[in-house]
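The same chain A turns up in both complexes below, where it pairs with chain B and then with chain C.
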Partner chain A sequence: MEGWSYYWENRGSRLLLTAYVVAFFIFLIAPILIVVVVSFSATSYVAFPPREGLSLQWFQRFWEYKPFLNSLIVSIQIALLSAALGALLGVPAALALVRSRRRLANTVMTFLLSPLSMPLIVLGFALLFFLSRIGFGVSFLSLLIAHTVVSLPYIVRTVAGVYRGISPEFEETAAILGANRWQVFVNVTLPMIKPGIFAGALFAMLISLDNLPISYFFGSAETNTLPVVMLSYLEHQFDPSVAAASTIQLLVAIVGLVILERTYGLQRIGMPT
Partner chain B sequence: MTTPTGTAEQPTTSPRSGLWSRGAGHYQSVGEWWILPAAIFLVVFFVVPLVENAEKSIALSQLLRPGTGDGYYLKLFTDPYYLWVIGQTVILSVGVTAICVVVGYPIALYLVRHAGRWSGLVIFLLIAPLLTSIIMRTFGWRVLFARRGLFNETLMDIGWIERPIAFLNGPVPAVIGLVHVLVPFMILSIASVLRNIDIGLEESARLLGAGRIRTFMSVTLPLSLDGIGTGAILVFLLANGSFVTLLLLGGGSIQTLPLLIYQQFNTTRDFGFASAMSNVLLVVALACLYLQLRLIRRRGVKGG
Partner chain C sequence: MKDRSILKGLDRRQVLAGLGAAATLPLMPRTALAADVKQITVTSYGGIWERAIRECFVTDFKARTGVDAEVLIGGPPQWISQIEANKDNPPIHVLVATPDSAAVAVKAGLVDPISVEKVPNLANVPQQFIDMALGHGAAFDYGAAGLAYNKDTVKNPPKSIKEFVERTIAGEWKAGLPTISYAPAPQAFVWSFADALGGGVENLDPFFAAMQKMRPNVVFWTGVTDFLNLMDAGEVDIGVYYDGRTWAHYDTGKTYIDFINPEEGGVMSPVCTMKVKNAPEIAWEYVNSMLAPGPQAEFAKILNYGVTNTQVQYDELRQKRITPWEKTRFPPNDRIGELLPAWTERWNKEIGA
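Entry: the complex of A and B
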């Protein structure tokens, strides 16, 4: 900390910076808080600040309006399954790549992470036609595959990050003491990388829950996810029920974030690598 | 079990730090072939679809319409309307990136140098919005910018305007919405580089007589260019591919390639043309990925 005074020895300019930071965070948080407040509206139109008091009627509407509830169930199923499938494919790959000495390993790692750099709308569009051509069509399975393409790199990244920080000596010690490869993997490696798997899967699930550009292309009555239904609802109507749906989704995300912080630490995920 | 139960050691060339590794190999808990399922999955469901998509747009534009002269790419790069759309996509992405640098830099500086015990809270506040849905945030901005929303009412109350301004469906809310979504990425990128700058360098500059602004311009800023670069590529890439914010906040005032793909898919259903447009986006993304790799490699060399 010492040394900052060389920069901002002037009290005034430091105050200015603090004021700017506060203003910035109001800018960042206000639109989100407003939606939460609007979701408790008692009126049938959107108004901020809300008039005529507060109510829970829009949450009730969320519960009763079938497309919202059905799509929420699809969203949660897709999030859970794509994270699981992503972990099943991604964890072994991350483990193998981290300890590999080949020059190719870096390139392969870049390849496994590259879906993160693609515009999702392009990926969704291309996948829709490919999956239709091979006969999967617009189905739950197609949606699951498309979401897994995105969840896989998130899991590879977090698991590789955790495993890289673990010294190979633990595994070597177990091997020397007579454990076979499978025993080492199950009893030593897996427990150590568990937080990484957990955090990566959770992160992938949160991304999947909000994924609109990919889900959009696979929308049908059975495969619409919550964001897709919300978008089509917003294009026709503007009432507080979308605010209620958003608030419910935020609640899910906050629970996830708290779990993430407890198990893994936010700082390690927040920093782009 | 399917894993081979051979010896734990494998011949390696470069020695590893740590006591155990001296003279011995290093432990690999899983065989290298464990990479295959993930790699095959991504080749089949990521590479092949994108390649097919590229093929399709070329085939449709050049083989199915020979001699008509209106191949998709020709149309895309000669028709003034589509040129204007491509131009707007680039201008918007560059503009949003520039705004994110200017808006985000002081926050990153604050986070690294001044936040102290608040830094946990600052990071939490930066990351929390990333996990809210994109629809939620555009909804929030729509409430604020509505005809009888908070902005209009406040402006009328203090007497700056007499009648509500139609903010919505214009470029201003769209740009604000995009900056709102993307600026945390920029801040976190810049902060991760600022954190590694030796504060002694700034102190030396000050001791040698440089003013505050001069110190910032010729010491801090150049040293943090890597962070700005990483953040800029990331933000540019994300702005380049976004369409929900533009759709719900910009109305039709800004037309970009992703928005046009969405509309082609939704209404016009000219899939070949949409493929061609998505390929243009893909090429831009690949160029960004290449730049990103070069940046990381350069930093890697410096770090080592």
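Entry: the complex of A and C
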């Protein structure tokens, strides 16, 4: 009897857990699926489920409405460049701060992560005035710097997390065996922290692609990003082309993840090798 | 040796800083580098607005001056922040703004005063449309906030706001009304109803009293497209809305929708055009294009909104649809702006939607 009771209790818990997980995924994925389905709608307004069949007309509209396409290109450029620049600045910072024994190191680390704790709209506004004051104005460079400021904490945090878990003995051994600092970094440290760099850069890219509050202040005719154009479009027109834009943005993120999976392997990201 | 003499007196940091600055030059805004004006930057909302701005005003401006106009999509708060941060070398040369944003730009000294000498088409724009930009621009188009309704479910539509309120209280229909967080709601709804019900900008008591009674038969909306979704879904039958947007929805095949300009008059909801301070003088020509009768008539045809040049001849359809500006009410925007925090607080306490 005890065995049966245990079985039912265990089975009940498992069913409850399964139901919870299914509900969790439904809440997480259903809104995304609705957006994707609406983007294939043949109706001229947002309706779910689509009432007049399916169509690709809103993707055609996305293609024809130049601000959508141009801003998507800018979004992708900014996402890639800010992640790269973030890595260039964030990796040395993370390495130095993790191994540093100075008290100031913790303060500097907190400072580097501070953009995460600030409302992005405030950060965007402040950066607009700061970058304008030093002469960069509203430009692609300003937009890139602003996005890098936001992407930096993700890279610093992940790289620091991975590097902290690596014993200094690996680097010390290489140094004892005659490797100079550069050789130690390229041949020992870099291969071990690569998962952290990839994970941080990936987060940074995804955050950048979706970023509205920062991009909002730096949009020019040449540097508007897709979220800014979508917001403005939505305010004055509410047809499913915005859903098509979201589907394309989603597709860009998925393609990025697939490429990463094929070239590096997602399961390795975030885990020290 | 020559190279050394060039670098003489410079330390390593200065050289690196110089190289860094040089590397950023291609990325700097074009206006910072070029003194001659081959292009100006103008502003527009997105979607069909942007198409209309390009087709009507940019085309006219380019044909007359040979200068190109780049269109920046976004909204007034974003543009005003960008101009404020770059007053000496503004990244935007012509600003479009609602009267409340226009007032902010004027008070911050971001825009130039307008005159007939600079903008000849201003001569045919009624003074009211210049006053609402505080003499620093002029409204070039407008919508009227009245009542949109479903012809299938509201067979006998109300003729006035007062009648709308009474019949909403009686539960004849479900009404869709904006919340105060919808930016134009203070003018298009709160002031409008207070004014129609015997109150005014200084006395909202009649408005809040009516709201308490209407509440059971009201569905609130927060974004301008929400109302149309509620109408399409059959959740509301009637509500506060704009003429141009109603007709735009009608043209997408939703022929059930119709618009009423209430007897009290719809609320004037204009968009102003303004030349930014320190922008090239040629920007006045673009403002002139925005106030020219030909481009304005085309603009009205695309957007179904009224335009402000008295010389504009609307086509037959637009004549039926567009609310004449003389039959609208001009809200006291300045005073509403001052009172808005108190209004919002009272709304949150008494309505809470």
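Assume the second predicted complex is superposed on the first by the 225 of 273 C-alpha atoms of A that agree within 3 Å, B and C clash if a C-alpha of one lies under 4 Å from a C-alpha of the other, contacts with A are read in each partner's own complex, and residues count from 1 in each chain.
Here is the rule we use: contacts are C-beta pairs under 8 Å (C-beta built on N, C-alpha and C of every residue); 3 or more make two chains touch, one makes a residue touch a chain.
Here the structure is a predicted model, which is why all the values come from computation and not from measurement.
Q: Counting only touches as set out at the top, which of chain B and chain C does A:32 meet: first, second, both, neither?
A: Touch partner of A:32: chain B, not chain C.
Q: Using the touch definition from the top, say if A:67 reaches chain B (first), chain C (second), both or neither.
A: A:67 sits against chain C, while chain B stays out of touch.
Q: May I ask you to decide whether A:222 touches chain B, chain C, both, or neither, giving the answer as first, second, both or neither?
A: Only chain C is touched by A:222; chain B is not.
Q: May I ask you to decide whether A:208 touches chain B, chain C, both, or neither, giving the answer as first, second, both or neither?
A: In the superposition, A:208 contacts neither chain B nor chain C.
Q: Which partner chains sit in contact with A:125 here, chain B, chain C, both or neither? Use first/second/both/neither.
A: Once the two structures are laid over each other on A, A:125 reaches both partners.
Q: Under the stated touch criterion, which partner chain does A:136 make contact with: chain B (first), chain C (second), both, or neither?
A: Touch status of A:136: second partner only.
Q: What is the contact status of A:236 with respect to chain B (first) and chain C (second): first, second, both, or neither?
A: Second partner only.
Q: A:117 in the overlay: touching chain B, chain C, both, or neither? Say first, second, both or neither.
A: A:117 contacts chain B only, not chain C.
Q: Have a look and say if chain B or chain C is in touch with more residues of chain A.
A: B
Q: Once the shared chain is lined up, is A:44 touching chain B (first), chain C (second), both, or neither of them?
A: The second partner, chain C, only.
Q: In the superposed view, which residues of chain A touch chain B and also chain C?
A: 46-47, 125, 129, 133, 216-217, 230-231, 234, 238
Q: Which of the residues in chain A come into contact with chain B in the complex?
A: Contacts found on chain A: 1-4, 6-8, 10, 14, 17-18, 20-21, 24-25, 27-35, 38, 46-49, 88-90, 92-93, 95-97, 99-102, 108, 110-112, 114-115, 117-123, 125-127, 129-131, 133, 145-146, 148-149, 152, 156, 167-169, 171-173, 175-176, 180-182, 184-185, 188-189, 206, 209-210, 212-213, 216-217, 227, 230-231, 234, 238, 242-243, 246-247, 249-250, 253-254, 256-257, 266-267, 269-272.
Q: Chain A touches which residues of chain C in the complex?
A: 24, 27-29, 31-32, 41, 45-50, 70-75, 78, 81-82, 84-86, 89, 91, 223-225, 228-229, 232, 249, 252-254
Q: Can you list the chain A residues touching chain C in their complex?
A: Touching chain C: residues 44-47, 67, 125, 128-129, 132-133, 135-141, 144, 216-217, 219-222, 224, 228-239 of chain A.
Q: Touching chain A in the complex: which residues of chain B?
A: 1, 3-6, 8, 12-14, 16, 18-21, 24, 26-35, 37-39, 41-42, 45-46, 48-50, 52-53, 56, 103, 106-107, 109-110, 113-114, 116, 122-129, 131-137, 139-144, 146, 148-150, 180, 183-185, 188-189, 191-192, 199-200, 202-203, 206, 212, 215-216, 230-231, 234, 237, 240-241, 243-244, 248, 258, 261-262, 265, 271, 274-275, 278-279, 281-282, 285, 288-289, 292-293
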